[in-house]
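Just below sit the structures, each encoded as structure tokens.
Two complexes are shown next, each including chain A; its partner changes from chain B in the first to chain C in the second.
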Partner chain A sequence: MVVARSLTIPNPLVLLPKKDLSRLVQHLMQRYTVVGPVAKGGEHAFSAITDPAQLTLDYVSSLLPPKKVLHQPFEVLFSFHQEQGVLEEREPARGQVLFGVHPCDVHAIEILDKAYGHEYPDPYYVNRRQNTLIVAANCTKVGDNCFCQSMGTGPDLQKGYDLLLTDLGSQILVEIGSPAGEDLLQQVPLQPAPRVMLVEKEKRLDEARRKFKKRLNTSGLKELLEDNFRHPIWDELRQDCLACGSCTMVCPTCFCYNVVDKLDLNLKSGQRQREWDSCMLLEYAQVAMGHNFRKDRDARIKQRIYHKLAYYEPQFGTLGCVGCGRCIGTCVKHIDITDIMARLGGE
Partner chain B sequence: MTDKPRVAIYKMSSCAGCQLEFLNLEPVLLDVVGAVELSYFVMARRQNAPGPYDIGFVEGAITCGEEIEKLKRARQECRVLVALGSCACFGGLPSIKNWIPERVVESRVYQNLEVIESTKAYGIDEYVKVDAYLKGCPVDKGELVEFIKGALLGISPHLRPHSVCVECKLRENVCLFVSQGEPCLGAVTTAGCGALCPSRGKVCDGCRGPANDANAESLARSFTEYGLHKSDVIRKFRKFAGLTPEFSKGAEAV
Partner chain C sequence: MINPFKPARALIRGVQKETYDTTTYTLSFEDARVREEFAFQPGQFNMITLFGIGEAPVSISSDPDEGPTFQHTVRHVGNVTKALARLKVGDAVGVRGAYGTGWPMELLRGRNVLIVAGGIGLAPLRPVITQILRQRRDFGRVELLYGARTPADMLYTPQFPRWQEEIKLYQAVDVVPDGYSWEQRVGVVTTLFGEMESQPADTIVLTCGPEIMMKFVVKDLLTRGFLSDQIYVSLERRMSCGVKKCGKCQIGPKFVCRDGPVFAYAELMGLSEGVLGGVAG
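This part shows the complex of A and B:
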């Protein structure tokens, strides 16, 4: 898949004066739809920008993960008509650049690539993914709910990007991760960066590494969860959890969706649509004749935690949580996956 | 006469806002009229045809003996009976009076109590069998059309059973509760409105009643932690759906 781009240049580095960043973005906007973090009511949301000044690259986290532009919250798959059959509606292939994506979210996209791109490729996802370039940004700021450091997904990124930015104050260190990334830098005057800049980068990242407030011990997770299927914490969570589904709606690695046919009133034509679904919702595991495999709230809470931390690995070779902390921040009840695991681990 | 399904719309104790939503379907109203015969619709028709009807939509709560009789006749006339809007579903706004003695409530509104014989305000399933519920104050037009299509096809319509939070997140709204500390009922309220109020910066008032796994007791505890007085928590849960088992637990949790 697209993520497996080969590198022709050994880790090339360039320096971009911060004042020239908008020039780079302006240049990208001529060829691509640029989607990046934009301020929204005190939070941030990945949005298609019309002006480089809209980008707020000092953001900590976004409301929804950038996943939303690859696997959209709502999506029309195709139209159908009784006489004409299925009418495919593929979107035009204008490329897009995901700009300022944090390492946790890049890792999450790599997980989605495995879920949607490998065994049973999802044409809608794959089509968008192949037309998407990733300009990632290492984290020099750490949010209260972040624990990517524990998950090995941040605050810095090693792969999975076309370009990687690190804020060094007045300048931005740009690392090129692919030929396509190198191509993005054409027509922008850049200085080759001396290797010593990597030392400066490490200094900034080390500062970030010291700021993490949350951690999750990932050793022996599968065994820990298997041994604690009947732990009293699940019943406490059953009483606490509102079953609202927010934790899964904001998760960058959740990939479940529901498919609904929306008929027109003539009952002859309509659209097949899909939208994000969630295992935290009661109706998710309901089958024909009304039986529900996960009727109890604690069963659904367990499914969410076990899927991310125990069931993903055998299937995808990686944990299903990237430590972005969105599920913690969105929870009215402050239910915290790091607290749950610490308690199970006897901490 | 046509072979289109015959529809009747009944009004009980209500503001008429839900049946008005039929007329507010304006962009698709002609398609609706093409698909069903609106045989009995006093708000919109000068002449109304007698039953029997295929589908009856009942708007409003039941608040007096006269309405109980009218409702029972409606049940007999209609093959499918639908509760249209939150008042018909579970009492709605009129049900706020249910926790005050009947005579006290009556005297707040009416001068001459001799002719007033009100009862507690209930949803219509207190008295008759109900085949479908369309929640909301008012009902959601999209759900109304979805239901009509389902009825025409003889299939269950796709109505969202989960919380408002899901639709709020799908729209990427800033959460009024966790970001601004405003006590929102969205986490325990049935979606289907498209998170209408939170999308406009106003907390969910719970007009659509409890979601399918509403944990109102837990939310009530959070309300008090966020500084709401016990009486405010009670008012929140009893504003539209205080008669439902789920929201009554919320009102009684603190």
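This part shows the complex of A and C:
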């Protein structure tokens, strides 16, 4: 049965038989670039798909967060010519659907919206964001490093989505979060969902909630960090951490970047590019004459931890960590932000 | 949507060598509308682009009432500033700005002013001095303490006689190389505190220079009874955007590019990460 347009919020619940998921994706692909989790080398990576069969909702986390399609690892800001200045600006972004985004990553995108949207809005980010729809997926699986439950960002999602999927076994519960989301469902065979399905959803989420192995106590974080700026743990981490920057490269809320000019072979024209930068890297806080405000590794480790857990709040009104656990999983020295905070908290 | 990252072309109208490694460039925007709309406060900075080399934040060193041209005094020590040294009158650079907080000009009006500058740190303070000279009677006692490494490193010396007609100038150098004569003080800039007349009462302090210098300036002034909200500092940090996006200039929750570069010292005191070497907690 085809659900008519009259299906409107606030009773936006429908059921999609799992076997029809590919029909929904196929339908989206006609109008949008669809970017979703695709199996890759034993892990999952958000990729633009060419076939609905490439997508899977059965994943725990992705190598890089879906942030990468909004705040790109490399990006050309504009072309220039030394005699003429800025030559061209970028074309408007094509519409895209981020598919199967987990609650932690949706929360992270909302944080990026604040970082890039406030005051002088970043036109590159904002343009892509305005042309992006989010089909989120609640988490019924929990990874070893996940602690979204502690951060209030999962395993389920309340807002920030156009559509929200919950895997109920043979069926997928679809919640509609926006008129644009409702529009995505046109011409897809759906059944209205009985309210009892919400009970089934809660049951599955409760199962997930019991599986968390990691936690982070968020009460009084700012004070705890302020009081422990000279705690011995920072010296231990200074010796342990390789300052490779991996933790920041996989972080869904990190927004820092560096800008470089690339000259063409004619040495006249070129492109101004930006690329992800990291507060963990030595050059990040270096100024002219070689002076470096965070020469020591412990200063850089503290910058990462303090920024996430103490400074985002006054800057953007939210914590800067969504508990996705990627920084823990990627660290070759197994440095774990939840362990650090537990130690500072005297646990 | 306005693209804040897009520099506009500005032409070099004048090149004035200040010292062996420092030059003042007079610029004006090529586009008439950009030229008319451009305005700045003393203490603000522009992002200067040399296409193909890169972009760097540089404070504005000219008086805001001397438009439509503006000046940057540049020490040729980084990629962009070294490349700038090869340019001449008529050449173009990219400019966007003005960014950041300026010096608290309204607060200065009707009060005494103590300016403490070190080396190139005098550049962002020059517009404050020239603004004071324009309306000298609006301000109380004004003193400038200026320190540099050697006599050859002192900026704007030809303008000193004019300044000294209106304000008291004290000078110090760290070392006097052979062949230089120097009748002023030898020592760091804080050694001039013993000579100055400035007292804490009804005085605002503005300081800019190397961070290590500002650290000792603030420390010394606090022991002399100046309060942390009377002292304004201008900080240097790495910046790739100037508009609170690239993240690199952050100190605690502050973005130096936007919340600064001029801060009342009181704003910096509570930050966990020591600024100015964590002078006084």
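As a working rule, the second predicted complex is superposed on the first by the 332 of 347 C-alpha atoms of A that agree within 3 Å, B and C clash if a C-alpha of one lies under 4 Å from a C-alpha of the other, contacts with A are read in each partner's own complex, and residues count from 1 in each chain.
Keep this in mind: contacts are C-beta pairs under 8 Å (C-beta built on N, C-alpha and C of every residue); 3 or more make two chains touch, one makes a residue touch a chain.
None of these values were measured; they are calculated from a predicted model.
Shared-chain residue A:192: touches no atom of chain B or chain C. By the touch criterion defined above, A:240 lies against chain B but remains apart from chain C after alignment on the C-alpha atoms of chain A. Of the two partner chains, chain C is the only one that A:86 touches; chain B does not reach it. In the superposed pair of complexes, A:297 makes contact with chain B only, with no contact to chain C. Contact with neither chain B nor chain C is seen for A:220 once the two complexes are overlaid on the shared chain. Looking at the shared chain after the overlay, A:281 reaches chain B, while chain C stays out of its contact range. Judged by the touch definition given at the top, the superposed model places A:43 against chain B, while chain C stays out of reach. Comparing chain B with chain C, the partner in contact with more residues of chain A is C. When the two complexes are overlaid on their common chain A, residue A:265 makes contact with chain B while staying clear of chain C. In the superposition on chain A, the residues of chain A contacted by chain B and by chain C overlap at 260, 263, 267. The touching residues of chain A, when paired with chain C in their complex, are 77-78, 80-86, 89, 115-116, 118-123, 126-127, 225-226, 229, 255-261, 263, 267-268, 270, 272, 274, 277, 279, 284-289, 291, 293, 299, 302-303, 306-307, 310-311, 313-315. By the touch rule above, chain A contacts chain B in their complex via residues 40-43, 45, 63-64, 68, 73-74, 239-246, 249-250, 260, 263-267, 275-276, 278, 281-283, 297, 329-333. Chain contact summary for the complex, chain C toward chain A: residues 1-9, 51-56, 75, 77-78, 81, 92, 94, 211, 236-238, 240-241, 243-248, 250, 252-253, 255, 258, 272-273. Interface of chain B with chain A (complex): residues 28, 31-32, 34-35, 145, 148-149, 152-153, 158, 161-163, 165-166, 169-175, 177-180, 186-188, 211-215, 217-219, 222.
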